[in-house]
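Shared between the two complexes below is chain A, which has chain B as its partner in the first and chain C in the second.
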Partner chain A sequence: MHTVISSPTRTVTIGSDQPFCIIGERINPTGRKKFQEQLRAGDLSMIAVDVEQQVAGGADVLDVNMGVPLTDEAELMRKAVVMVQSITDLPLCLDSSVIDALEAGLQVYQGKALVNSITAEDERADAVLPLVKRYGAAIIALTNDEFGIPMDPQERLAMCEKLMSLCERHGVPLEDLVIDPLCMTVGADSEAGKVLFETIHLIKEKHGLNMTIGASNISFGLPNRHAANAAFLPMAMQAGLTSAVMDARTEGIVTAVRAADLMLGNDAWGANWIARFRAKQAAEAAANA
Partner chain B sequence: MHTVISSPTRTVTIGSDQPFCIIGERINPTGRKKFQEQLRAGDLSMIAVDVEQQVAGGADVLDVNMGVPLTDEAELMRKAVVMVQSITDLPLCLDSSVIDALEAGLQVYQGKALVNSITAEDERADAVLPLVKRYGAAIIALTNDEFGIPMDPQERLAMCEKLMSLCERHGVPLEDLVIDPLCMTVGADSEAGKVLFETIHLIKEKHGLNMTIGASNISFGLPNRHAANAAFLPMAMQAGLTSAVMDARTEGIVTAVRAADLMLGNDAWGANWIARFRAKQAAEAAANA
Partner chain C sequence: MSHEDIIKSLFEETIAGNGPAVLDLTRQGLAEGMSASDLLFEALIPALEEVGARFERGDYFVPEMLIAGKAMSGALEVLRPLLADTGAESIGTFVMGTVKGDVHDIGKNLVNIMLEGAGFTVIDLGVQVAPEKFVNAIKEHQPTIVGMSAFLTTTMPMFKQNIHEITKAGLREQVIIMVGGAPVTQEYADVVGADGYAADASTAVRRAKELIEKRKADAAATGAAL
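Moving on to the complex of A and B:
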């Protein structure tokens, strides 16, 4: 199964026979007070810095979230999408809890966007999926509903199947559905990783759908989070995960993902791995020159 | 399935509900000319250095190989086993292609040893398994035979099943059998990782046996091998690998293994992970004091 998203000049294919799709998560004011104040004052300049860093770190797609309280989020999203597309050709993932903001972003987005997100709750799905259909986008869909997040992999699989039927109801093809099997925190529940890996494996084996997660959740509250995340993502990839929303600035984690591509046979002859190593050597040589 | 090995004062349990078993591979003169010369001259002092480094790095078991050409390997193995057991309480893995050397090691070993190794070739298995049975040891068994290494996971599974019947024939219980599903090099064959992960998954699902590999093979010939291996081992663990023969001196790889324990629910509340982080902080503080 291939999920294809695009900008006017670049196409990204998500699939189990493709290099892992890194969705850079940084263009998001959540928890960033200064960025929020700038956006509220109409200053979008920080976005350019974030874009540059995510692109430099190796993001394949950029998540754009403009969730600033007490603003016209639809207007901010519209401006941000136009601005980001003016400085990078990476495809975008339009991320909002506000349906008007998703629609505003889709109206101006050039190409085939990814939309973040729906859950298995009918009300939101029935509002968002018609937009996804109308604009020919793809959609991230979380395996929870209004009653919570099941901790049994079979129940999460059932949630995935409900999401599939919601897509069918709205005429959104399954290749445009990217399931988020929900990454919880191992610090709070030692079984969280196992449950996730088993859910990913079940969804892959039974339906072959593409999947993405918010990867950094796994290590919340633990020390040495980068090392924990760098081990975790290759494990999830081995189980069948094909994408993650993550901060591309952390080199060790991106390197782990590219190593896992190699181990899964998605980097023939290690060409990307070797090119990555040479680029790093060249950068170090230039820095020391 | 639990494989239990021991020294007089320490027991190591290998199993999918246990922290991963790191078998330190360094006590081995292969490719080390100076060490070979020392051993040929009867100087075993280098062994103490190797033991200390593998223990400090976090090995759970130590592999002891005394394969020096043109020596009495049985006599060397006997001396090495006695010496290593005098300086560490970690259980040992007795590693030789020479059956007399394995028997010499087993004669003096105190505890329940792991023996490295047999393949699915009858002749060697029929010589080694009676020793394993007589001394109550456990055995590493490779999924190849005199006709080669199959690159199809189902054929490697069949090889595993032949090894199970060889053990049955010699009265060696399956909990004392540790399968080596064979780690080939992704630089030579892009499918090598996928084939291995699928073989591990099949053996785990069908027979629940413990498995170990020579892990560093995976990245032979590639740049940045430590980073490649640090991503690879968590993936193999996610598939069901429960042990590896590896060099415990590389901190990044051992850290990746301990992170994967946490992700698999084999480090409740992250207690080991947090303790490891604190010990590192304390060591750094002491170094800077």
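Moving on to the complex of A and C:
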């Protein structure tokens, strides 16, 4: 199963035989007070810094979230998408809980976007999937509904199957469905990692769908998060995860993912691994020159 | 074990989140004639205050706070009926819930722990709490404060809807309403017509106490004017 997303000049393929798709999480004002204030004042300049750092860090796709309360989120999304596409050719993941903002982003997006997200709630799916279909986008779908997040892998699999039928009903092909099996913190529930790995494994075995998660959640509330995240991602990849919305700016985490690509046979002749090493060597040489 | 040693051990074991030891010490204290309110106010509550302070300083992490809260809840189950018998008063009843459409509960649970630790009686309605459920809980539990949590910019508008429903039911005047959650700000709390907002669990407890004091002072002032 290949999920293909694109910008006018670049295509990214998500799949179990592909290098892991790193979706940079940084363009998101949640928990960033200064960024929120800037966005509220119509100042989008911080986004350029976020783009540059994530591109340099090795992101394949950039998530764009403009969730600032008491603002016109649709207008912010529209401006942000145009701006980000003017400075990078990485495909984008349009991330909003506000449906108007998703549509505003899709209207101006050039290429095939990834939309983030729906859940197994009919109401939201019935509003968002027609947009996904109309704009020829791909969709991230979370395995929870209005009644909550199941902690049993089989129940999450059932949610995944409901999402598949919702896509079918709206004519969105399964190639364009990326399941989010829900990453919750091991800081609040020690079983959260185990449940997630089992869910990923089940969905991969049964349906072979592409999957992504909000990977940084795994270590919420804990110290030394970078090390925990770097250990976690290769484990999730081994279970069958093919993408993550994640920290693309921390070298140790991105390197762990690229090492796992190599171990899982998704980096022929170590070409990406070696290229990454050379790029780092060159950057260091340039810095010392 | 002397009473003093029991208090000291209970304090330390609660901070360490050692549930079985906390339960044993609580039972032992009672068996040796200590009062439920001494165990609560001299050991459990100070312990939770210390846990909250450590968390606020960044010395304690989420699992440590959750497990300390759990240890305290275990002891409270034993103490609560005794406290009710002796008429030891809770400083207020706090009805808490994550709003409809939202399943995030870690922040809410941390606030609950700190509130219980401060001597509030907490009624946790869980996640995905619909407006009518808040209304019914106010009728049933007659709380001093209602707390609402939201983690998403799309679920935050539920604050306003909940407050509207509470007002419509004629219950707005009898409760203090507090709101919180990652994207929530003081400005937003003001816009939706809440009485209070706090950015973190420790501040929430301080703010809750302040709001209760203020209400008492206002009531006294009104009473004096009459």
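Everything that follows uses one rule, which is that the second predicted complex is superposed on the first by the 289 of 289 C-alpha atoms of A that agree within 3 Å, B and C clash if a C-alpha of one lies under 4 Å from a C-alpha of the other, contacts with A are read in each partner's own complex, and residues count from 1 in each chain.
By definition in this document, a contact is a pair of C-beta atoms (placed from the backbone, for glycine too) under 8 Å apart; a residue touches a chain by one contact, two chains touch by 3 or more.
Predicted model only: the values in this text are computed from it and were never measured.
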{"item": "Superposition-derived comparison: chain B or chain C, residues of chain A touched", "value": "B"}
{"item": "Contacts of A:A283 with chain B and chain C, given as first, second, both or neither", "value": "neither"}
{"item": "First (chain B), second (chain C), both or neither touched by A:I87", "value": "neither"}
{"item": "First (chain B), second (chain C), both or neither touched by A:G67", "value": "second"}
{"item": "Partner chain(s) touched by A:G187 [first = chain B, second = chain C, both, neither]", "value": "both"}
{"item": "Partner chain(s) touched by A:I149 [first = chain B, second = chain C, both, neither]", "value": "second"}
{"item": "Which of chain B and chain C A:V108 touches, first, second, both or neither", "value": "neither"}
{"item": "Which superposed partner A:A230 touches (first chain B, second chain C, both, neither)", "value": "first"}
{"item": "Which of chain B and chain C A:I274 touches, first, second, both or neither", "value": "first"}
{"item": "First (chain B), second (chain C), both or neither touched by A:F220", "value": "second"}
{"item": "Chain A positions touched by chain B in one structure and by chain C in the second", "value": "187, 190, 222-223"}
{"item": "Chain A-touching residues of chain B, taken from the complex the two chains share", "value": "186-187, 190-191, 193-194, 197, 218, 222-224, 227-228, 230-232, 234-239, 252, 255-257, 259-260, 262-265, 267-270, 273-274, 277-278"}
{"item": "Parts of chain A lying in touch with chain C, wherever the complex brings them together", "value": "30-31, 67-70, 73, 97-98, 144, 146-149, 185, 187-188, 190, 220-223"}
{"item": "In the complex, chain C residues that touch chain A", "value": "61-63, 66, 101, 103, 106, 109, 127-128, 152-156, 182-185, 187-188, 191"}
